[in-house]
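Each remark here refers to the structure printed beneath this line.
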Amino acid sequence: MKEIHIKEGPFLKTENKTNNIMNNLLIALIPIILYSFYKNGIVPYINGKSTIYQMLLPLIMIFVSVFVTFFTEYLYGILIKKEPKNIGYHLKTKYSIFPGLFLALILPINTPIWILIVGALISSLIGKIVFGGLGYNIFNPALIGRLFIITIFAVTITNNGGYLNSYEVDAISKSTPLSNYATIETIGTYDALVKPYGTLWNFFFGSIPGALGETSAFLCILGFLYLVYKKAIKWRIPITYIGTVFVMTYIIGSLNDATLWYPTFQILSGGLFFGAIFMATDPVTSPTTPIAQVIYGIFLGILTVVFRYLTNAPEGVLTSILIMNMFVIMIDRLGAYARFGYKKIAILVLVQIMLILGLSLYIAETKENKVNVDPNFNIISKETKNDATTYIVTEKGYSSLIKAEVIIKDSKIEKINILEQNDSFYSKVEESNYVDKFKNKSEVEDIDTVSGATITSTAIKKLARNVLNDYMG
Amino acid sequence: MALHLPKYKKKTLEHSLAKYMRPNYVYIPLINAGDTNITVLVQKGDYVNKGSIVGRRKGTFKIPILSSVSGIVVGFEEHICYNGEKVKCVKIENDFKDSELNVKKSKKITDFSKKEFLEIIKEKGIIGMGGAGFPTYAKYDTKRKINTLIVNAVECEPYITADQILGLNFTEEILEAIDAILTINEIEECYIAVKKNNSELINAFNNHIGTYLRVKLFLVDDMYPMGWERMLVKKIIKEDYDRLPIELGVVINNISTIYAIYSALKYNRALTERTVTFAGEMLKAPQNIVVKVGTPVKEIIESIEGYKRAKDITFIAGGPMMGTSLPSDDLIITPNLNCVLVIKSPVNELALPCIRCGKCVQVCPAKLSPVIIKDNLNNIETLKKLNTDKCIECGSCSYICPSRLNIRECVKLAKEKIKEVR
Amino acid sequence: MKKIWNGITKENAIFVLLLGLCPALAVTTTFEKSYVMGLCVLVVLLGSNFIISLIKKIVPDLVKIPVFILIIGTFVTAIEIVLKNELPGLYDVLSIYLPLITVNCIIFGRALEVASKESVKNSILDAIGTGLGFTMALMIIGLVRELFGNNSITILSNDGLAKIFGQNLVIENVLPAFTPINIMVKPAGAFLALALLLAFINFMKSRRKKNVSN
Amino acid sequence: MSLINIFIVGFLTENIVLTKFLGLCSFLGTSNKRKNSFFMGTSVVFVTVISSIFSYLIYKYILVPFDATYLRTLMFILIIACLVKLVELFIKKVNSTLYENLGIYLPLITTNCAVLGTVLVGINSNYNLIEILVYSFASSLGYLVVIYTLSTIRERLDNGAIPKSFKDYPIALIVATIMAILFSRFG
């Protein structure tokens, strides 16, 4: 007798299964992993700046992080959900290696391993398992791990050396482009922002300090094109995200007569490309309808610009993605309605356009490049004897007011000596007799701050710059 | 917006159009377009001719149900129909005489009046043969001006080649019928929608189309579900209608329906046979066969050397995308069944949780968002706002879903929930 | 006595009924503030339950809610004044959470359910039970948050109760060489602490039910 | 402080629910269904703004002159209670469907700490009338946005996959934790 089974639904299925999508994602990430190993591992080793362990550190970090997130979900699956024990099953149904992989790639090179493990545990437990595993989490698990690491261990990481690997500490000796940008209150000039790291090409190819995998925009674009070709990515999100940041920073830049280099600098720094292409498009936590993806991308851009300019948190990309993850469900539903009637969505798009213009103008105006009067700088006395003018000035330091005497001779700083201060980190400034660095300098932009006493040294630098500006009239 | 599917059409086209005209018993199903309240006009023991009335549908569309053979009514039995349900059928023993009443050599088919035209295609039981089985006369019976006729020869479902092989073998007759319909109903123009890469059909039409000025070919790209009425009208007329294409003065007919109209007008013959594709890797000789309505499919399959092996089969009435899987091969041919598909039972793969990749949203031809519908299954208000009732259950979303979720079932469930509430 | 016990465990205000969370999370940054807030709530609860259970017959239904609010309000204002003069330091620290006790869901809930229905004795017992339960819960959360937050347990801080008891008792770095997780002190930590505590309680409850069932 | 700053403080940095912990009972209680939380949120905005204006007027022109500032808590509570009664009657007359949805929440607002909290904070930081208006609107809008977002998330979270002991409140609190950290980064 014929054995006929009733089956359900369409009897043809595409070959492009979730497994293929995830494998493609992995393939797109491989160049980035290799480059981060090259930049943070091999280059310092060749220049004799790091040991074998430090050379392999990037790979070790990635391996440890991947292992922890995989093992947590594996244990949870076996002990609580009584799932089969073979590894293959877990690899195929949980894809738990990706939170670990992404977390490692967005962490600074000098993150102590135990912090990495804690971060991986948090991103796996709080980021994914508590919400119900693959497909149910609301926030991007890797970013949750990174967020908790920032809020809890930010200080320990910076003390351990922060973002710079051993080669970069001597070669460039500045912090990442964005945290260096944070010290400059204004829009910033080309040579203040870009020159210390070489040209914009360095930014593009990623030979700038930054998190493990975040820096190379070129490889991110390569990965993006591969994923678009394989139809494994929501391409609308990165394009609208980077586009909005570019547009807003272009408006801000052009209002302060900074040409096209300024928006390019802004999008190439701060891990925007990696964030936009790999973190914001994590399928589970991003919108599904095309219109919602566009709106999601634009809001991400707006939030990132707000974070970069109006708050002092350099991790703009990370926080804006997480914030937008909260609203994905709402926007997605609006996106689904919008496929039939444009009323509701039109209002939202209008609000976005107003936000983009409004914020850019507001930022451009408040972050004026012209010498704005530094509120906490004032000149107590100023006398000119024969050809030297001595200033007694005060500037707000880390925890106290710094009073200093500055002698200017034929428009160069002759001498600076600090009269009064009780900044807690002042001892560091004194040891490196930082003050002598200003000797016969007519321009202070390229004097670096003292690591470990950034705020105090920046205050002295501001003090000198304001005196020079005042002297130049 | 639409899906690119593998075609699997070569195998059945290699075989020429066969015939299976001599079933011993015929079971005429008392159903039309899913509606089974039909008045039965015959009892056991009556003698019926080929094409004579066996029942008539109650309600607005009073379309007759006709017998496809001459013989004696033996009784009534229940058999499975295309939608998978058991339907009451009139069992007629075939006396192989095929005697037909008043088959007259009718006059030139273009000089029927509109009223006569409507009368004939109603009495001869002409219904849509694309799949819905909607009575054709109702499409033409309208006060509104019809300015375009679209002949749907797209056949976008894989495996099915019935329309194509019909078009290849009876090209002149079809064009003649189109011309007749255009003159009778004063329709200005007619588009025959054919797939771009269906070169044989295009060539077949091109060498005959010259003589008919009002008939033009319209090439559509090879996407699924391009054969869907709404999508075809949008493509050709560039406008969208609310509920019925007649609002834009457009009538759409499947190419097989046109051929049925032709044989009704020309030979005054009822819709009692149709070409059905028998396809699928589990059939020894997949091919197209002209069969009589009411013939049991089991008999036909045995006549074409049957199944490759009898184990682990899935028997589908209709195409792979919109067809329904039946519990047994006790299926009866009805006018709107265009394909019988016999394949190896697909192994049910491990369904992963939905990773919200958004592919089903991009691929839905009715612009719905299946994943959002799946999320709001217990919120009727949102389901209504998401226009869930517009879903045509074409299966594109389940096809494309990388996590192998049968998302069409979710949307179907949502549709039922809305119906319950209304 | 049984009533008090189930006020603490079975119907614990915070962990079971999930009422009165507002002050519970805001104020429990230090151990001292937690138990002070707990005691204030206990006092108000006692007072209001007592008065309400006395006058429950003569109060017409329509005006019930405003009258109850007035009673609770007077008690809270009384405490505010006492704290303002005696311990101004603590008064500023508790700032707006002290007056908010009037709107606290437990007191109002208890007032409606228990005080206006049962006898005077029961409502007082219940007030003690719920009050103690609330204070205990607050103390646990306060302990957890302060311990992990800045690795210390302040029992009598100098601008707080030390004024009355003379010497201040603050135990520093209870866990040796433990870098404090500062988010525990911040609001987010409170949410996290409560979430984990509730999950733990659910887990214990489901395990106990499983042992009972099989 | 310019009005925009007040708005940002009220809405983001000092969000009434995520940083000040007020209104948690209703925050957790009504945020399981989208519709409930939306109506709850709007009614809170409505009542907060009006009651903070009245409270400000009464505080400025009655309590301060008569030096009875310690009575402010009582006065504000009564204002809120009467206002809620008023709003209830008003909506009942205007349209009954809205009343059906809103009816159950209005009495809840009287015991909602967010409303009284906003009013108290507004008065304590001695803003003038316009600033009070902006602050109360901002903070209650913050309440609405947070509770509505959480309800959309919670609606999707009540699937079968969440570990049993984290069902309902604990998972909502974890989402609130993440929201609190994110909102604090705006500061």
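As written, the chains take the letters A, B, C and D, and residue 1 is the first residue of each chain.
Note that contacts are C-beta pairs under 8 Å (C-beta built on N, C-alpha and C of every residue); 3 or more make two chains touch, one makes a residue touch a chain.
The shown structure was predicted, so the numbers you read here are calculated from the model rather than taken from an experiment.
A.B. asks: Comparing A-C against A-B, which pair counts more contacting C-beta pairs?
C.D. replies: A-B is joined by more C-beta pairs in contact.
A.B. asks: Return the chain whose centre of C-alpha atoms lies at maximal distance from the corresponding centre of subunit B.
C.D. replies: Max centre-to-centre separation from subunit B belongs to C.
A.B. asks: Between subunit B and subunit C, what's the gap in Å when you average each chain's C-alpha atoms?
C.D. replies: Roughly 72 Å, centre to centre.
A.B. asks: List the centre-to-centre spacing of subunit A and subunit B in whole Å, with centres computed as mean CA coordinates.
C.D. replies: The mean C-alpha positions of subunit A and subunit B differ by 58 Å.
A.B. asks: Would you kindly tell me how far, in whole Å, the mean C-alpha position of subunit C lies from that of subunit A?
C.D. replies: Each chain reduced to its C-alpha mean, subunit A and subunit C end up 42 Å apart.
A.B. asks: Subunit B to subunit D: how many Å between their CA centres?
C.D. replies: 59
A.B. asks: Which positions in subunit D touch two or more other chains at once?
C.D. replies: In subunit D, the residues touching two or more other chains are 155-156, 161, 163, 166, 171, 174, 178, 181.
A.B. asks: Show the residues in subunit C shared as contacts by 2 or more other chains, in ascending order.
C.D. replies: 183, 186, 188
A.B. asks: Considering subunit B alone, which of its residues make contact with at least two other chains?
C.D. replies: 353, 375
A.B. asks: Which residues of subunit B touch subunit A in the complex?
C.D. replies: Touch residues, subunit B against subunit A: 5-6, 158, 307, 310-316, 320-323, 325-329, 341, 343, 345-346, 348, 350, 352-362, 367-369, 371-372, 375-376, 382, 385-387, 395, 398-400, 402-404, 406, 408-409.
A.B. asks: Which subunit A residues qualify as touching subunit C in the complex?
C.D. replies: 148, 151-152, 156
A.B. asks: Please name which positions on subunit D make contact with subunit A in the complex.
C.D. replies: 148-149, 152-153, 155-157, 159-163, 166, 171, 174-175, 178-179, 181-182, 185-187
A.B. asks: Mind listing the subunit C positions that touch subunit A in their complex?
C.D. replies: Going through subunit C, the ones touching subunit A are 179, 181-183, 186, 188.
A.B. asks: Flag every residue of subunit C that touches subunit D in the complex, lowest number first.
C.D. replies: 18-23, 25-26, 65-66, 69-70, 73-74, 76-77, 80-81, 95-96, 99-100, 102-105, 108, 183, 186-192, 194-196, 198-200, 202-203, 206
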